[in-house]
Amino acid sequence: MSLRERVYHLIEPDYEPGRIIDVAIIILILLNIIALILETVEPIYNLNRTAFELFENFSLTVFAIEYVIRLWTITTNPRFSHPVTGRIRFALTPLAIIDLLAILPLLLPPPSVDARFIRVVRILRIFRVLKLVRYFRALRLLGHVIADRKEELVSIFLVLLILLALSSSLMYLVEHEDQPEVFTSIPTTMWWSIVTLTTVGYGDTYPITPLGQTIAAIIAILGIGMFALPAGILGAGFVEALAAQRSEEPEHRCPHCGEWLDT
Amino acid sequence: MSLRERVYHLIEPDYEPGRIIDVAIIILILLNIIALILETVEPIYNLNRTAFELFENFSLTVFAIEYVIRLWTITTNPRFSHPVTGRIRFALTPLAIIDLLAILPLLLPPPSVDARFIRVVRILRIFRVLKLVRYFRALRLLGHVIADRKEELVSIFLVLLILLALSSSLMYLVEHEDQPEVFTSIPTTMWWSIVTLTTVGYGDTYPITPLGQTIAAIIAILGIGMFALPAGILGAGFVEALAAQRSEEPEHRCPHCGEWLDT
Amino acid sequence: MSLRERVYHLIEPDYEPGRIIDVAIIILILLNIIALILETVEPIYNLNRTAFELFENFSLTVFAIEYVIRLWTITTNPRFSHPVTGRIRFALTPLAIIDLLAILPLLLPPPSVDARFIRVVRILRIFRVLKLVRYFRALRLLGHVIADRKEELVSIFLVLLILLALSSSLMYLVEHEDQPEVFTSIPTTMWWSIVTLTTVGYGDTYPITPLGQTIAAIIAILGIGMFALPAGILGAGFVEALAAQRSEEPEHRCPHCGEWLDT
Amino acid sequence: MSLRERVYHLIEPDYEPGRIIDVAIIILILLNIIALILETVEPIYNLNRTAFELFENFSLTVFAIEYVIRLWTITTNPRFSHPVTGRIRFALTPLAIIDLLAILPLLLPPPSVDARFIRVVRILRIFRVLKLVRYFRALRLLGHVIADRKEELVSIFLVLLILLALSSSLMYLVEHEDQPEVFTSIPTTMWWSIVTLTTVGYGDTYPITPLGQTIAAIIAILGIGMFALPAGILGAGFVEALAAQRSEEPEHRCPHCGEWLDT
């Protein structure tokens, strides 16, 4: 086995010998998330500014090395065996794009010193959490569920948009005159529709006229079920996928590359 | 094939040659909805008043032409083949009525210049969104689901009304004295019942006496399930119908008129 | 057929010849409910005080006559054929007790002229709505469902009470010091628990300390499902019962007394 | 039968002869809970301080005697028959640990007279409610359900944590500038995420910018289903377990020790 092949197996998840490296990367990702979350707590950030910056630079370096190694070793995987096109095709897989985005600040130094822009970039590092998808099958399952139910979800979103347009327009019609500053326009009223139809009900906007309350009641009783559908489909699909995975054990692994075959 | 027949196939949805016309009408409907929504945002409306009016007149003209063509060509459809009674029967189908209502402002010039009346009419144009039902099977499915479960829905609504009367009366009984301005009367208290039993919970009205809170707790724990039923039945039926439609592919189309047979 | 038998069949629901009488009683019950609801709207009540009183006296008279006729004719029903014990056993069925309670003000003149007492009695007339149970099978089904699932419901209520005690005590422990006027005592905190665990969330009481919010989050994520169970069981059972009833048509009717056998 | 064996059967639940003792202990536990709840209502506590203290001392004594007897007699149970290791192994079962914790104040006199510490200890007595688990099979079932679905629950919690991190970061990003005192930091924003995704919606924090409201709407529509999963899995599993238990009657009891074999 060449060095490249040995490194590939070390860095690939779910493969015994390199488990320690997997765990180290997982811990680094988690620490990144925790650091990002704590950075937004001002007193903590002010006291540890240098530590946070050092940790960020360290993470960027590790993630960059990880990315380069993956790109170098991926040709061991039969699916990406061609030295040029295989590497390009790998670089375009969702997980590789996430890996690249995680080290973007290294590649594209901020074009300006605009404080606000830097802040946005800093918080968007949260998407590094998606690097965890490689290591946890539960997360991959969720991705499969979304892809699987795409058709139903699109159909339902079409219905939701029409319901949203209808209910917001009706509510705007009956409540605008009595609460012009709350139901300012139909786009504003859409916030009411969503807060009501998901049953969140913050209480920042609600109808106060008897007619508005009656229409709101009918909309709520009939519409809540439709807005619960996307969340319900994803949830049910996920539970199903977990159960299927559980009963299918021992899990299938490719005998050639040692990769998980999670359908 | 006569001109009438050729035009019929062009304008009928889901039929290959006229796909461009379908898409054009769908886009026009969507633009109508977007225009209506944006019109209610005052700064946008004030700046583009003429554009909005021009677009409305254009839409009215197109929808009117569409309606006339449909009425002229419908006799090609074997179900409405009689030149007189067939056209009348078609004009009384729900979709044709929606088409007619969409061009109503053209037929019935506003009987008054009452600003408020004009505003109501303008917003009611939102029901043009229902013209989309012709083009999307997901929307027709929802209609079928409602028709299919009519019996159950009526039974449940009867139960809901009785629960509503009971819970509102009890809550009025125990809370009216302590919050006379909130639980003013039983009709007012019904708003509390609906907001609570749908679990929206805006927080505009809630019991404050220990007895009221105890009764509210019991009503909530037992009643929430009943108010979730209509929405749940519609939602479950819709998901079922989508799944059935998916598995039934290739879909059935009438060999004579080219229309979809979506049961 | 004797007069008693003929009257019995006229007044018994679901029996063709007396349908008009059934409909008349149903309308009278509904008018009673509407009157009771409108009475609590002060301006309406003040303007129509005499009309409301006349209608109440009329209703009491009709319901009293109805009760007496039922008691007289019930011996036609084979289940209550004995002239004395049959009538007593009938008088103790839930529906007959509801009928009796509906005319209670006639039998027990108010022992005092205490305004508050009279108000309570007046609103409790809402339970006349339960007289509708005799005429609508959907309502009887709901009763059967509750009786059927009694065992599960009791088990779940035990669990709910323990969850309620635990979550209220914990929340009181962590929030009492910071919000002594909101989380005054554990009984007060129970209101928070119920409002949260049913996901109603009025927003009148909520934790503000980080520890309290963390515990509230865990309680909510784990506990919401348990509080949704009673409502869900009743709802699912009701839908099931409606479906079963639908498929069992033509419905079974006793060949002797013409009564519905809805199991 | 030796005295130890006879006492064992008297004190073990679900065994006919000692039913009175079971009921007495259940009542004592319930009275403990009620006392604890009422103690937090200041006027009640101030008036009955001595009574509460006497009752607490009485309960401690009874629970201590109960614990000692259980430890003494447990060797009758074949699973814990060894006089030394059997007793130690029994003492480490969850139910025995709860029993021990219930009498902890007797064993560890408060190390300080710090009023706050005493208050915390007093309220933590609420966990005595878990002593009821021994006597009610519905409660044991819930424990089994949690143990059974541990794997799924852990997978889902991982997904929830990632969703929580993502949604809180995004919302902090778009709302922090407009509501710096509400969306102070990402940890603070997590409270918003949980309140929204469980659909509780207190209304203490909510987005006010159009962008924030749009992102909140998408998060809510897609994420609510995921946060409903743990509660739904526990609830569904519990209902299933109740149904299974019901159909399995007559229940299995070990012929040797008289204990319930609830799988």
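Just so it is clear, A, B, C and D label the chains in written order, and each chain counts residues from 1 on its own.
Basically, a residue touches a chain if its C-beta (ideal position, glycine included) is under 8 Å from a C-beta of that chain, and two chains touch if they have at least 3 such contacts.
The shown structure was predicted, so the numbers you read here are calculated from the model rather than taken from an experiment.
Ranking all chains by how far their C-alpha centres lie from the centre of chain A, first place goes to C. Two copies of one sequence, chain A and chain B, touch each other mainly through non-matching residues, since under half of the numbers at the interface are common to both. In whole angstrom, the spacing between the mean C-alpha positions of chain A and chain C is 47. Centre-to-centre separation of chain C and chain D, using mean CA positions: 33 Å. Contact of a single residue of chain C with at least two other chains is seen at positions 187, 199-203, 228, 232-233.
Interface residues of chain B facing chain C in the complex, by the touch rule stated above, are 151-152, 155-156, 158-159, 162, 165-166, 168-170, 172-173, 176, 184-187, 196, 199-203, 206, 210, 213, 216-217, 220-226, 228-229, 232-233.
Taken together, the chain C residues at the contact with chain A in this complex read 199-203. Per the touch definition, chain A reaches chain D in the complex via residues 33, 36-38, 40-42, 120, 123-124, 126-127, 129, 132, 136, 138-139, 142, 160, 187, 190-191, 194-195, 198-204, 227-228, 230-236, 238-239, 242-243, 246.
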